[in-house]
């Protein structure tokens, strides 16, 4: 059965806890549960990893080669700073969809640059936690 | 009955015709038909305008005050050049979702700047014509 | 009888309606009426055009050659983007005064650049709608 | 019979009238007449449009698909600002030659950037109105 | 009786003397006299200081707290270089109108940046010495 | 009893060992001991973590929510590169004081940018290891 | 008896008066009194100068050669603009500590550059008026 | 009999040999022969120099004073790097037409800057080797 | 017996697997084996670490103090982003040689900056996996 | 008898005292004495002012109108920051020669910009205190 | 027998003479002799040219077409300034290895840009004169 | 007998001929004659080279090692473009004085950068051909 890998980068474990007026009150666990149901309804598996360790994230991406057909990733702040993350995603050759909950494009300085975006299959910003659902929907379409 | 306004900027009348390897073979008419069905299924009206005239687009946005609750807009190239379009959208105060079919974030120079994005409710790029569906879905949620 | 041309660019038809806390509650019609009275009191004609169409604005400026002795223009957002507007004003050789209602110099990014300003007879920003009156007063002085 | 499309952008209707010391005393009508004769002598049709409306220009380019084999275009100031114009020309896939009457490369700021140039078949600047003749000559060679 | 403070920065004592083809033949004394009459006609006091000493200007602004309701200031070259002047004006919290006699926005380099402008109530450039009159007129309106 | 969290980023375990002519001969252990005494004398607890792992640092900051009232942090090189660290500190909402032993503001390139500084309660650079004492003193004052 | 020179630049005479929500309600006189007590307790003299005149500040620094062993300076806005001040401090060769009451590093534009910082013994920003105490404490340590 | 000087800069001796898919298969000798015929047909002399030595090119330009009425020059890469070449052309005061075979304006970095262009009578890029013919035609018109 | 430390950063465990057309088919294990033989032939020990964890890499470098006389490092993407890595290498004071398998200097954006290079003993890019051999050869020469 | 005005800006009173290894051991008084002798030998008067007050310098320049035929000025750090000084020199219309004792062109940042240079009759940097003699010699030649 | 071309640009004839503390005491002749031996040992010919004339270097590269299979080049300062050199190397289509004796990547300004690097087969900097040996070794491998 | 080397770069052979209103009517030969007399009067030899060949200039500088004690050089346009020239001058270690006849600092773009200046003993610009005399005078002082 085909699989999708859901990845969340640094600080996203605080979803629903930190700055709810900005990121919403929904916890990461609730989001993942909802996406699991959606994936299963579409006849696919979904695996999830949230980590504050770049090393763990890189290892997980490496391990995804061959086993997953699409990645949905919210890289958090690493989306602006980690070229190693870009390299890993490009190296394993799995199409990925990038999600940002808030409108990061509205922020200046380094936050305005999205390092993962140029090689992404799609990028969605500012749709709140619903962005995950849309990215998953797009990923599921890849199997058709 | 609440309404949604769908706007398409310059050259998007060529969708499905120009550079299909880049933009897909789906015509704009087909996309609009599909979105109309979706909106009606959700109990809403959808009005559409594609125009190559900035004046016509500005006038349409002005006329939307009071009558629409959300805008879905693919500004095409004007997304990189038209501050007047930004002003009009901000002036009428209707939340809008910005759609780009291809991954414009992967292009350098002036294309890398999205003038409408900072004030948008959400931005979706590179998901192909499905980006319209996701933006519409998000817009429909505004009535809940 | 000598004449003055009053021009207003995109979105200015919303004056008094959009964002009154920012632009004031005075409508464009009220402003134009007041300026007409002032011009007539000084023994001059005043013609006015507000348009969201760059083409219409360019044509109006072209048509002003020979018939007007001064232009008062609030270019709105085109003041930051339209080099064609600059070309038209320079081509007809009529001195023009540029008005911005709010303090656009306080805004960053592309808004900080005023393309029409270098060739203008004068520029007035942030004086509210009274800026039109001052610009008209200066324009009337050209006949002395 | 194969055809060539001649396009002139904003303010070029003033040729021969505005700033003759800069742009020469030849009117646009005179130039077009001369080019018509040249095209007919080479056994081709030539159609011409000058417009101050970007919308009209985009529509004309769209309509040229299939009917024209080359475009000669003087975009005027839009050559520095209109990405929509670039998109239209690239979309219809007709080779185009860009003409600027004066040496725009000698001007600084935004005028130094030619947005249409990278995808043009050729660019000619500063040869006066003769630049049209050279561009037409090059366009005619495309049929050989 | 309410009061207005008129401030002139470095080199403006040379008005009417230095480069008259650029700044006009009117002396600073003549300007001040005219403004005094205008202020008195409106039932207000006007105090004036021209100084080439930044220290004297800062001290005068400090001393204006409580005693003046508006400031009209031509900062001369300090408008491009003195952040201390910005701090002083912001600190005393009196609304100020900035005047430049010539069109400084037409000059490149450091002259293109107006440090006082972002916090000003209004900015007027290039209207010649009449700019003072307009600024004063705007300042007088503050008492209404 | 209220608590303060002392955090040291990458390479700071080498304090007193690496480049003593630049960073001084005092070891990190000695510094921490001294600060512990100071904190206890003020009736507070002090916890310390030095780590070369960004993941460990993020986790420690997350865990500090609710348990600490102030953070003193020397982020080392991460102060110039880690937006994830900024996000974590802002997310937990604990006021933090940033310390750099040497004068990093005197260095060019990327070292001149302090990513944590804009949201910090205070920043102290170049005071040697005494900077920790000052930051702790300021942190202790928060309880008054 | 060894001495320390305390210097305050433009507008700092307004401390405790201007924008108290930003700079605190403590007056400069109160701060100086407190620092005098501290210095005397450590067996040192403290001299103070606040001035809005750059000339007076330069002269005071020149006069400090030989007579003072450390300088504590809050340069105010001159910290971003006065290279003459940098030259004077470097010329007399007395170690100096730079203090900014608020977090100037959080401000963009020219305020982000601290001209005195590269040659300073230490820089402290955002600690409120307590920053003076820390800088003085560091200066006093120089005699040990 | 009036004369025209044809100049070709570095690496242009490889025309027709190097990268024919980019520069065409026509050799420089063939181009020069064709231009000679054209010049003679117009009753003028044409002299040609291709050199990889900047010194030789400068000397040839110096020697052209008084003897030539126009220059057609393809400066190759020196068009982006040699200010000495600009100086020489300006010094001898002979109008020159600059030719680039390929569309150098489409290349980024230093290639985007054309140092000779600002002072050129005309610039033609991307017309292939036919650009020489157009430039020659323009040069011949100078005698009329 | 003197020793050399071979370090490989993130994603380099994929060598020979990811993008072989770009990085070659040789695995990292094969490279390390070959270098081990070379080092032993020269009478030295070689230790190797590949890691995707910056923390592990920093710790390994710290531990190298005193035990190794040279480092050969391929930092991968961290070579463009990790100032902490630079700090660690500089802190332990062991000369290091930087290797990049492909020509990273040919890539734009952030990849064009090599943070480790300024303090490196040597840098070799684009020689394929043979770059390790050359760097090792240079490192071995340090013992002579 | 014609006169020359010698001006020295901030900190130059420390010449011969501050950093003699950089600026030489010659005092300003000694330099002025030498220049006085030279000027008198040429039959001219020389007046001198060194000041740390920009106001005093501006006033002195204003007062020079009509009375002096040339100015020799070492603006010190104001040469990089004071546009008011530029304005004053241009306003009085007296040719001036700018002197810098050390090679300020070799310094980066703001010191690399010489604000007075564009309008100067000549600029001499890095010749030590002899630069004054050369500038005086050039100024004396103006009377011939 | 296959051949390798060794090229050295301007000032490299001074190797071993100029700044030996920077470039080493080995003369260019000694380096060439050593490389000749190495090439012959590998059964190849090596030809060498050092020149201070860009023209001579371009001609030599042109002449290498067909006769050489690899180039080893130290372009000296031309590596930062000569686009003509880049053109020549790309035109002849021979793979080339770029050598810089010192770590030019550690230098700022124009020296930080390596114009030849993007199209090079490999680049080696900072390995001293041994860099030539490594580049030659890599070039010899091309025949395998 | 000690010697001075006078060097003139590209196009300076045209002095007195090209643009006399800009560079004066004095020929290079006349300048050199005058400087020869001056040098001999001071008991020194003077040798002169003007060349349009960078190679010849580099060779002449190389040959100057040991035989000359100072260089006076007007590099012309190479002063803005030739790093090889900088390298040669630094390599031979002879102090050099740079002369520019006109005020090149008043020109923008690449002309504003003086590549030779940072390592020069002195730089003199805008003093006309007298700048050579001053530079020679300074050079002669080196023997004292």
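Residue numbering begins at 1 within each chain, and the chains themselves are lettered A, B, C, D, E, F, G, H, I, J, K and L in the order written.
Just so it is clear, a residue touches a chain if its C-beta (ideal position, glycine included) is under 8 Å from a C-beta of that chain, and two chains touch if they have at least 3 such contacts.
The model shown is predicted, which means the values in this text are computed figures rather than measured ones.
Novice: Under the document's definition of touching, what chains do subunit F and subunit J have as common neighbours?
Specialist: Joint contacts, listed by label: G.
Novice: Using the touch definition up top, find the fewest steps from subunit C to subunit L.
Specialist: Shortest path length, in steps: 3.
Novice: Among A-F, A-B or I-K, find the interface that matches C-D: by residue number, over half of the contact pairs should be common to both.
Specialist: A-F
Novice: Looking at where subunit C touches subunit D, is over half of the residue numbers used by both copies, so same, or under half, so different?
Specialist: Since fewer than half of the residue numbers are used by both chains, the interface counts as different.
Novice: How big is the gap, in whole Å, between where the Cα atoms of subunit B centre and where those of subunit H centre?
Specialist: 49
Novice: Give, as an integer number of Å, the spacing between the C-alpha centres of subunit L and subunit B.
Specialist: Those two chain centres are 64 Å apart.
Novice: Residues of subunit A that touch two or more other chains: which are they?
Specialist: Correct list: 53-55, 81.
Novice: Sort out which chains touch which and give me every pair.
Specialist: Per the contact definition above, the touching pairs are A-B, A-F, A-I, B-C, B-D, C-D, C-E, D-H, E-G, E-J, F-G, F-I, G-J, H-K, H-L, I-K, J-L, K-L.
Novice: Hey, which residues of subunit B end up touching subunit D in the complex?
Specialist: Its residues touching subunit D are 9-11, 13-14, 18-19, 51-56, 76-78, 80-81, 110-111.
Novice: Taking the complex as given, what residues does subunit G use to touch subunit J?
Specialist: Subunit G residues touching subunit J: 53-55, 58-59, 62, 81-84, 86-88, 90-93, 115.
Novice: With touch defined as at the start, can you tell me which subunit G residues reach subunit F in the complex?
Specialist: 97, 103, 105-106, 114, 117-128, 130-131, 134, 137-138, 141
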